[in-house]
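Below are two complexes that have subunit A in common, paired first with subunit B and then with subunit C.
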Partner chain A sequence: MSRFFDWSHFQWLFPRLLEVVPLTLFITLTSFAVGFLLAVFIALARLYRIPVLNQIAVVYVSFMRGTPILIQLFICNLALPAVIWGITGVNVGRIWSPLIFVIAAYGLNAAAFLSEDFRAAVSGVDSGQQEAALSIGMTRFQCFRYVIASQAVRIAIPGFSNSFSNLLKDSTLAFAAAGIMDLMGTVQAIGYAKYRYLEGYVGAAAIFFALCIFLEFGTHFIIRRLSKGLSAVK
Partner chain B sequence: MGISFDFKFFLSEIGVAFTYIPIVALLTIVPLTVGTLIGGGLALSRVYKLRIIQSAARVYVIITRSIPILLQMLLMYFVIKGFYDYFGLNAAHLNKMVTVLISCTIISAGFLSEGIRAALLSVESGQYEAAYSVGMTRMQSARYVIFPQSLPVAIPIFGSISIGVMKASSAAYLLGVVELIQGTAMKTAGNYKYLEAYCAAAVIYWALTLGIERVIAFCEKRVRIKMRGGVS
Partner chain C sequence: MSYKKIIPLLLAAILAISLFSACGKAKTGDGEPTEVLVGVGADFSPISFYNDDKELDGFEYELLAAIDDRLPEYTFTYKPSDFTNILLSLESGKIDAAAHLFEYNIERGDKFLYGTEGYIHFDLYFVSKTGAEINSFEDLAGKKLIADGNGSNSFYIANKWNEEHGKPFEIIFEPTAPILIEDLESGVGDATLASVSQYDGWVREYNADIQISDAVVNESGTFILFNKDTGAELQAAFDKALADLKTEGFVAELSIKWFDADVSVKAK
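Presenting the complex of A and B:
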């Protein structure tokens, strides 16, 4: 019977895992950026109750929040290339990297969660603030830009950070859905090759743990910076 | 060739997915009930500042919340397999469903503990002091004063966590447990109509989420009516 945990294998494997952390972070960051842009539009459609778009946004957000990300990844990987193939006549599934579809899936998912964060933050600003801004002659856009948005950012940060860490953790599914060789993919590949799995899982868990802790400290720092001087005003 | 969608097969897959709802329910309800007990204990230990348990609870929550569920499931599988090997049992008898249930429970306990703690802390501290001042013990104050008042905050949190646990349980598919996604995907053997299968699974999950949301909304309403009927 081989050893339960092979320390020397772990020492060999850990640097190899650290090498692919940038890819995992790249997937997370790009999907977060894609999701962020989409989320702004979704949130605006819902906040300003733009007809038709509002209803579409409601259904979209409900679907994205109501189904597991794993299924969304599967569906995106199957349907997106086929849809693009149908529209443009080019079989992009063969040319483009599967990374694009994975990022699209994560981005579409993150958009739903981030749009709710946005909405909560904007609704979290006291409505008196908007009235005050309009009463001193600001336009609606000015009011949003200088009064609402700047206050909403502080409320939104914890939600964003939460969504980001969820996205980071969900990125473990990219290998299973599309064979991306990110952190989890490398762990599995080394596992298949060496027939030792536990060390890889422990290493990946340690890396995710460290990233999440780092994110949490970063969020604390940003919130502290943004709240500076706030108590003085009150 | 563009997208092809066999609507008939999709409908039959919805029927298949429907029969797997009990498994999803099992994978959600067991972790939630056991997780509520463990998480509630952890949250109480932190709110009442019990010495050693408090710091242990903190570490537990940080670890379970920051490691992805798939990794936790795989790690749990190896830990249990290690136990099997240690006691000389045949690891082939290891039930993956049990592994998944245990890791789902551990994770939901972590999330629930934070949710319950938030709910308990939403009750103002004067209530704790008042309960003590009339001679209640810690347990009594928790049972009769704090719990009932924390319900309006706790219920929506519990709802979102239960939806999260239900969705997270789908990762069991990657461990080879035959649950909703696996069950629908299995029926595609030979015809490669995976898109229809996954869409059917998604529709059922969506319906389940909407169902949970309904139940939670109903509970919230009930609690609010009860609260209004009170002394306040």
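Presenting the complex of A and C:
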């Protein structure tokens, strides 16, 4: 039996890792949803240069992109409950699952990256489109809703997909920061209990790789659908 | 469907949710046992870990369950987590008690309330390639000590001694056990600190070519930790239950079950 990799242990371990994939996906999907909603507001504040909000958004995005996600997780998991405790007088750290704080951290982080994807996509739509829409009497909202947004979505998809796969892989830090027994937590826990680590890491790598390939195919499919009739644009 | 209709609906939903969560704070009746949140290890075999059935198991877990049985006024809820996170959670008030074979050191003593009943005699030894050459920190001069992380008490002891004596040896880090063993065998590092049960595990699982020193580097009991400000009452209850369990021989039995030896201790 090799010290580093034992095939029979791997075969025993792999199904156990598959069982926790739903939790990892849950963390990723809910964080992405939270991030997406926030990102819309951040991007709009920046695109329409809404006073004060625009400046806050700039600082926020730069802070989130400029600090490691692990530190953001620690801050959210330790400081956020304390802040809520201070304001409301309820010790939510005791009552709420640490999952909530982890999802908050990932969501806040994803918002920064997604808002930039949004902004790039909206800026990527030719400005003549907006001018044309306004010239035929559309309001700014109608112009955004019917002309800009529909085109921007297609440009934004690859960026979103990229942010999503990053988020999926970043979810591996949830155990280190908050002790969540997700995919990585399980790898770690079984690793210590059985004195075997590499099998878990290889198994987790295979799972993440498979998920990302699936995501990639999904993205290609969506882009192909949205690009119908636009043969020049891939 | 206009947006004007959706917004009041959303607001109503938010209001309803916040009202519901306010109701959740209903006070507990007098007869109801108080919930105690206990932070325990999730990956610390054989102390507290998830077994093959994905349930918490281990020496410390069974001990806590026995304490819970003795305290009808409390009911325990376990919060499994990794080592560092347990102490951070206790500090920030997320849990009421913490167990992870915590030894005593001054820094922790300042931050947390220690139980007075120890439950394992935790001796640290040097583990090295030959075992004979390194029996004290002095023997390590000019050599390298491998630590598995910087949150453990073994690192605390080694680092403190090293700083107080002008840093005669170097501390390197290797958190992954099989690599740590490889480093000891190949000479990347010269020694590490470990308990007998850890050493036995390495020899058994990795067929490791390493030896344990004769001399004990550090002796300490291990204790349950509580919140410094609010934990006094809980600590007294735990201590009482733990003391009874020790006199009745339960801790010794549990120790033999999990470690093949009685490593339980009397009060500090």
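Rule of thumb we're sticking to: the second predicted complex is superposed on the first by the 226 of 234 C-alpha atoms of A that agree within 3 Å, B and C clash if a C-alpha of one lies under 4 Å from a C-alpha of the other, contacts with A are read in each partner's own complex, and residues count from 1 in each chain.
The criterion applied here is as follows: a residue touches a chain if its C-beta (ideal position, glycine included) is under 8 Å from a C-beta of that chain, and two chains touch if they have at least 3 such contacts.
It should be emphasised that the depicted structure is a prediction, and the values quoted were computed from it without experimental measurement.
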| message | Looking at A:Y195 after the superposition, I want to know if it touches subunit B, subunit C, both of them or none. Which is it: first, second, both, neither? | response | second
| field | First, second, both or neither for A:A178, with subunit B first and subunit C second | value | second
| query | Does subunit B (first) or subunit C (second) touch A:I87, or do both, or does neither? | reply | first
| field | Partner chain(s) touched by A:H220 [first = subunit B, second = subunit C, both, neither] | value | neither
| said: Taking the superposition on A as described, I'd like to know which of subunit B and subunit C A:R3 touches: first, second, both or neither. | reply: second
| message | Which partner chains sit in contact with A:C212 here, subunit B, subunit C, both or neither? Use first/second/both/neither. | response | first
| Just subunit B (first), just subunit C (second), both, or neither: which does A:L78 touch? | both
| Of subunit B and subunit C, which one contacts the greater number of residues in subunit A? | B
| task | Across the two complexes, find the residues of subunit A that touch subunit B and also touch subunit C. | result | 4, 78, 82, 85, 176, 197-198
| message | Could you list, by residue number, the parts of subunit B that touch subunit A in their complex? | response | 1-4, 62-63, 65-72, 74-75, 78, 82, 85, 163, 167-168, 170-171, 173-174, 181, 194-195, 198-199, 201-202, 205-206, 208-210
| subunit A residues touching subunit C - in the complex, by the definition given at the top | 3-4, 16, 78, 81-82, 85, 90-91, 93-95, 98, 175-179, 181, 185-186, 188-198
| request: Provide the residue numbers of subunit C that touch subunit A in the complex, in ascending order. | output: 24-25, 37, 42-45, 49-51, 54, 79-82, 85-86, 88-89, 92-95, 176-178, 181-182, 201-202, 205-207
| query | What residues on subunit A touch subunit B, complex-wise? | reply | 1, 4, 62-63, 65-72, 74-75, 78-79, 82-83, 85-87, 165, 169-173, 176, 184, 197-198, 201-202, 204-205, 208-209, 211-213
